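One chain, chain A, links the two complexes that follow: it is found with chain B in the first and with chain C in the second.
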Partner chain A sequence: MLSSSGRKFNLYALTWRLPIIFWQFIFFVGPVLFMVAMSFFLVKNYRMTEAFEFVNWSKMLSRGYFWDSYWYTVFIAGVSTICAMCIAFPAAFALAFRASESTRRWAIFLLIIPFFTSYLVRTFSWFVILSESGVINGMLGYIGLGPYTMLNTSFGTLVGYMTLTLPLVVILQTVTMANIDKNLIEAARNLGCSAFRTIWQVIIPLSKTGLIIAAIFCFILSFGDFVAPFYLGGSQEPTLPILILDTTKSGQQWPRAAVVAIMMMATLFAIAFAGIALAYRKKKGAK
Partner chain B sequence: MSKPLVVFDKVQKHFGNFVAVKELDFEIREGEFLAIMGPSGCGKTTTLRMLAGLEAPSVGEIRLNDHVMNDVAPHERDTPLVWQSLALFPFLTARENVEFGLKMRGVDKAERRKRALKWLDKMDILEFADRDISTLSGGQKQRVALARSLVMEPQILLLDEPLSALDAHLVIRMQAVLTDLQRELGITFVYVTHSQSEAFAMADRVIIMGKGEIAQIGSPKDIYREPANQFVAEFVGRNNILSGKVASLSDDTARIATPSGDFTVPTKEVHLVKGQKASFVISADLLHISIDEPDARNKAHCKLISEEFVGSMVTLFLENSTGHEFKVQMQERELSKFDLKSGAEIWLSWDTASAHVLNEN
Partner chain C sequence: MIRPTLNSSIYGLSRRQLLKSGGAAVLTTPFVSRAWAATTDINMLAWYGHGEPDMVAEYEAANNVKFVPKYYAGGDNMLALIAQSPPGTYDLILSDGEFVQQLNLAGYIEEMNPADYPLDDMLHEDFKQFPGHWADGKMYSMMLRGGHLGVSYNKNSVTAEEATSYECFWKPELEGKVGHFDWHLPTLGMMSLYNGNGAGLWDLDDAKWDAVQETTMGLRKQVGGFFDYGGTFNGLKNGDMQAMVGIGDWITGVLEKDGAPVASVIPKEGGIQFTESYSIGKGSEKASEVKKFIQYMMSPAGQVKSAQMAAYPGFCVTKAGRAALIEADLAEATRSHQIEGDAQDPITLINEGRIHYRDVPQQQGLEDWNDFWSEYKNA
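Now for the complex of A and B:
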């Protein structure tokens, strides 16, 4: 009796899940499989032809510029993650522990608003602020500094990444820390832990899972972003998304672009997997 | 005579317009087991939190060892608290939880490990030292929480309803653990609870709080036999409260006319005036029952409504013709001599000395 009702339930659940499974197959699994297949195709006279050759892989992976771009992208996405986590933390801390319930609700609402407008539009607004004759250099000029070149640099890229990721990171950190049992913080204080020290001793360990997930999101968004490095970073040092674009443009090398894309996906899979494993890891092991 | 360890000097606590603690003026003696008891919202937990420095008094002074504590940060105090929710750190093992306070105090690794293990052993949970908190049972967690506070070797231990989450049989066991510990260590325990049985079973002195004020301070026996006022009498329960007007006065007794009849009460400790309203209380275990009308000055004719057994003790619930409820507590073997059935008519009587007149407020 129990098993039959269990089966009925499963069928019911499956019915609801079918659309999403179907969607994933058509628009995610299918294209990925096609992309993997494409990475073995050949390009002859600017035309892609079906084949099964490893030439794209060996060519791409033996090029110095690919690895330069790869490590630069990993590096700048890593820096972006560290910056976003550090900049967001004090704000999230204040919202989680100092602000009232209603202030917190308003702040989260306001942090969602940036997502109403296109990221591309928000990126363009930085031109006005960061350019040689922009707002910041104008103000610095008054006190006899600058002008500094901020556009078309890694700094510009980072500013773009922050635009993309900061609101999300602040929201994730705030929600995580607001859920901490306040008794635990008081218990730490009661046992001789200063208010500042509770951050390291209690708050970070307790919000570890949420913080790591926020960092994963930040890294994934930065790593795969095309807009910031292209418009604000000026593709000075091409990140992998820019490399993909360049590769498709030069000689219709879609198969080689597929190699880059697969490498990116593999990296993100590894990072996400390792991050989630770390986030949900139980203990350091018995010592 | 032990000197006061803690003094609450006209302490008040307001949260905005809400007055959590109206005025507290009391002392905690060194080495005593003090219970603070009251219904929820009476300010007992706020009192404890002020002692731990987690809330600052709005008015008044709290002194520990003659030092004013008002502006001392919680982490600079030596007042470990055992929380109702236990508040154990879920990301640490049992041993690491116990070590936490020592680590914050800068005790070196080997020493704090040694002391943590000693306390875990003392609390009979040494074998769980390296277990995750989430894998421990309620009783084991309770012991970890106690060890975590006691490892600090404080002068005073604060406990905020620590047993409220445990099963009844574990509560009894932990009560014994707590009283043994307190006696052995000789440190002061301040125990906040809403449970009369916990407070009366363990404490040397009990403070009954109601609506942010102290209603009575005294030994469990004083509070049970001689509640100061109607609030305490009702809160303590298991007693009979009768109200009426003073009909006549003699040297050391008064006759009080109530809807249930006229009764004699002792007046040595109170001053009554003829015609004034007065209430008195008789503990449920001081009433006698009989089938035939007794030859006594204080008696009431009642009908048996129901009985409640707790082990060998039984509580009878009775009602007289005016609908007033009486409670009688007695040994089950005493009761069995009477062979009573529900609805049986019986007589209650009590000695004048058993009655205790309540202060009007």
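Now for the complex of A and C:
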């Protein structure tokens, strides 16, 4: 039996694909459709009522604070991505090219360990370190510096984002670079490439896909994170996840929160697709 | 192989002994079942702390009930939780005073019999027929406790004299050190008081509302963060925040007892009182058990427990409760000014007209206040 595209219908393959299709439909497509529908509902007496009104969209998108939160969230997630990528690269490079196989395995294992504990607990532990009477300011005090305000600032938020994303970014970068054919690097060096030029013109292009995927993950996690900007950033400025909380807290405006959530998803889709397109783009003339 | 028989049991039981044991077991079953009677679950909807062991464990043990608390943060959240649950889900509802009226209008709470509660023993006349607790001469909620919101500050950076006015929040040395409890109602109420709106703090015409927004925006450069309950605690405790808008002794009291150099006072512009009241959920099948518990909480012993609540302290609302607190815990009574003759005695402050009961905006919607709050946070 042939499908309309002329490819043979494969029941065996479909059977194996069904669980993931089913999963995606139940836990992704269904909720997203409901969320889109909910953004047109109304809230009366703290209860959502079915409706098809654009008032939530016009209300949220016409508010200056929504766009302030939106651009701040894009900005801070972008900064987080750049920081994580830059901090992770030397570590991943060392693990991929300088460390022995067993050291690399142990390092990856150690990078996974933070995920064994709650992200919230890890975030709270930063209070002890970053507060004005905390560890860092205490040490700086010995040399006559500080105290510096680190909590309740964008810096605090970034520290939280790094706690969340950095181990993952290091792992992804390490795995990507470790899979590069070492002969290509040796060839570049034998042909007179400097170490820096080898990184720039051989290693980075060869690991481009993995690096972009790591950056996308970092951006997605930072963009949607509530814990770091709320607890370490002191909600100033509020990011979109905090705006969702504020919107639901007062008046139980879940439909308006749905508008914010849809805008977040649309942004992440756009960035993820752009990133993937960039990652898999072939040079002109390349097969 | 020798098979055991009941007459020569390897278990050491003769038939006679077995019959005796069985009979005894049958005869004692009613008593066993009474002792092991299923505990009555009471579903409680409340602010955090009210269903914790320090508040209910003793009562649970004595009355064979078990409280199943569902905690909320904010009146809106409470109303939404009830609205989204089937009738009768919550047997006992603890509500902020200003939201009782809405609970009643929506038909979420049962009428209560005033004769069941010590209304004649209330510390203040206002508490007997508290706004919103009664409708058409019928009572729907019983005031349990209260607390005052004013200037909360770190004694190392704000003097007691400076703390006598909300003006202290604008002190240049506090730039970036003033925190907000992340709820618009108390903060905007305080800014309204600072603007001189006094008893009309919630009843703002357009001009006054604009002025309150302007005053609040003027404070923005001082603000170091917006916090929930835990964040407020941490900010004050680790010194990152030296003053806090929107709270009172309900938070600084806990820290003060822990030795932190913090305090809360009612400034000359006036303060705000939050009130917590118990209601019986509409359709509850355990109304009589709930009534009994509310009666316990209104008794001197219950009032002392409420005043000493580990999560956040509150003041007693009955005369007998206050007397019991002074007898049981003079240090706490003194610290929280629940002593007659104390200048910051909650009842004296009410009598002097310096305390205004927390309410919802009269001429604007909660949505307008929340919109401004979001704008303020982003400024």
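The working rule: the second predicted complex is superposed on the first by the 274 of 287 C-alpha atoms of A that agree within 3 Å, B and C clash if a C-alpha of one lies under 4 Å from a C-alpha of the other, contacts with A are read in each partner's own complex, and residues count from 1 in each chain.
Keep this in mind: contacts are C-beta pairs under 8 Å (C-beta built on N, C-alpha and C of every residue); 3 or more make two chains touch, one makes a residue touch a chain.
Here the structure is a predicted model, which means the values were calculated and not measured.
If you put the two complexes together on chain A, you find that chain B and chain C both fit without a clash. Set against each other, chain B and chain C touch different numbers of residues in chain A, with C touching more. In the superposition on chain A, contact is made by A:L151 with chain C only, not with chain B.
Of the two partner chains, chain B is the only one touched by A:P205; chain C is not. With both structures placed on the common chain, the touch criterion links A:R281 to neither chain B nor chain C. Legend: residue contacts after superposition of the two complexes on their common chain; A:R105 is shown touching neither chain B nor chain C.
In the superposed model, A:L184 lies in contact with chain B only, and not with chain C. Of all C-alpha pairs linking chain B and chain C after the chain A fit, the shortest spans 45 Å.
Per the touch definition, chain A reaches chain C in the complex via residues 45-47, 63-65, 68-69, 72, 127, 131-134, 149, 151-152, 230-231, 233-238, 243, 246-247, 249-253.
Across the complex, chain B meets chain A through its residues 52, 54, 73-77, 79-81, 83, 85, 87-91, 93, 100-101, 104-105, 130, 132, 148-149, 152.
Contact residues of chain A toward chain B in the complex are 181, 183-184, 186-195, 197, 201-202, 205-206, 208, 282-283, 286-287.
On the chain C side of its complex with chain A, the touching residues are 73-74, 76-77, 79-80, 83-84, 106, 176, 179, 182, 184, 223-228, 231, 234-235, 238-240, 366-367, 369-371, 373-375, 377-378.
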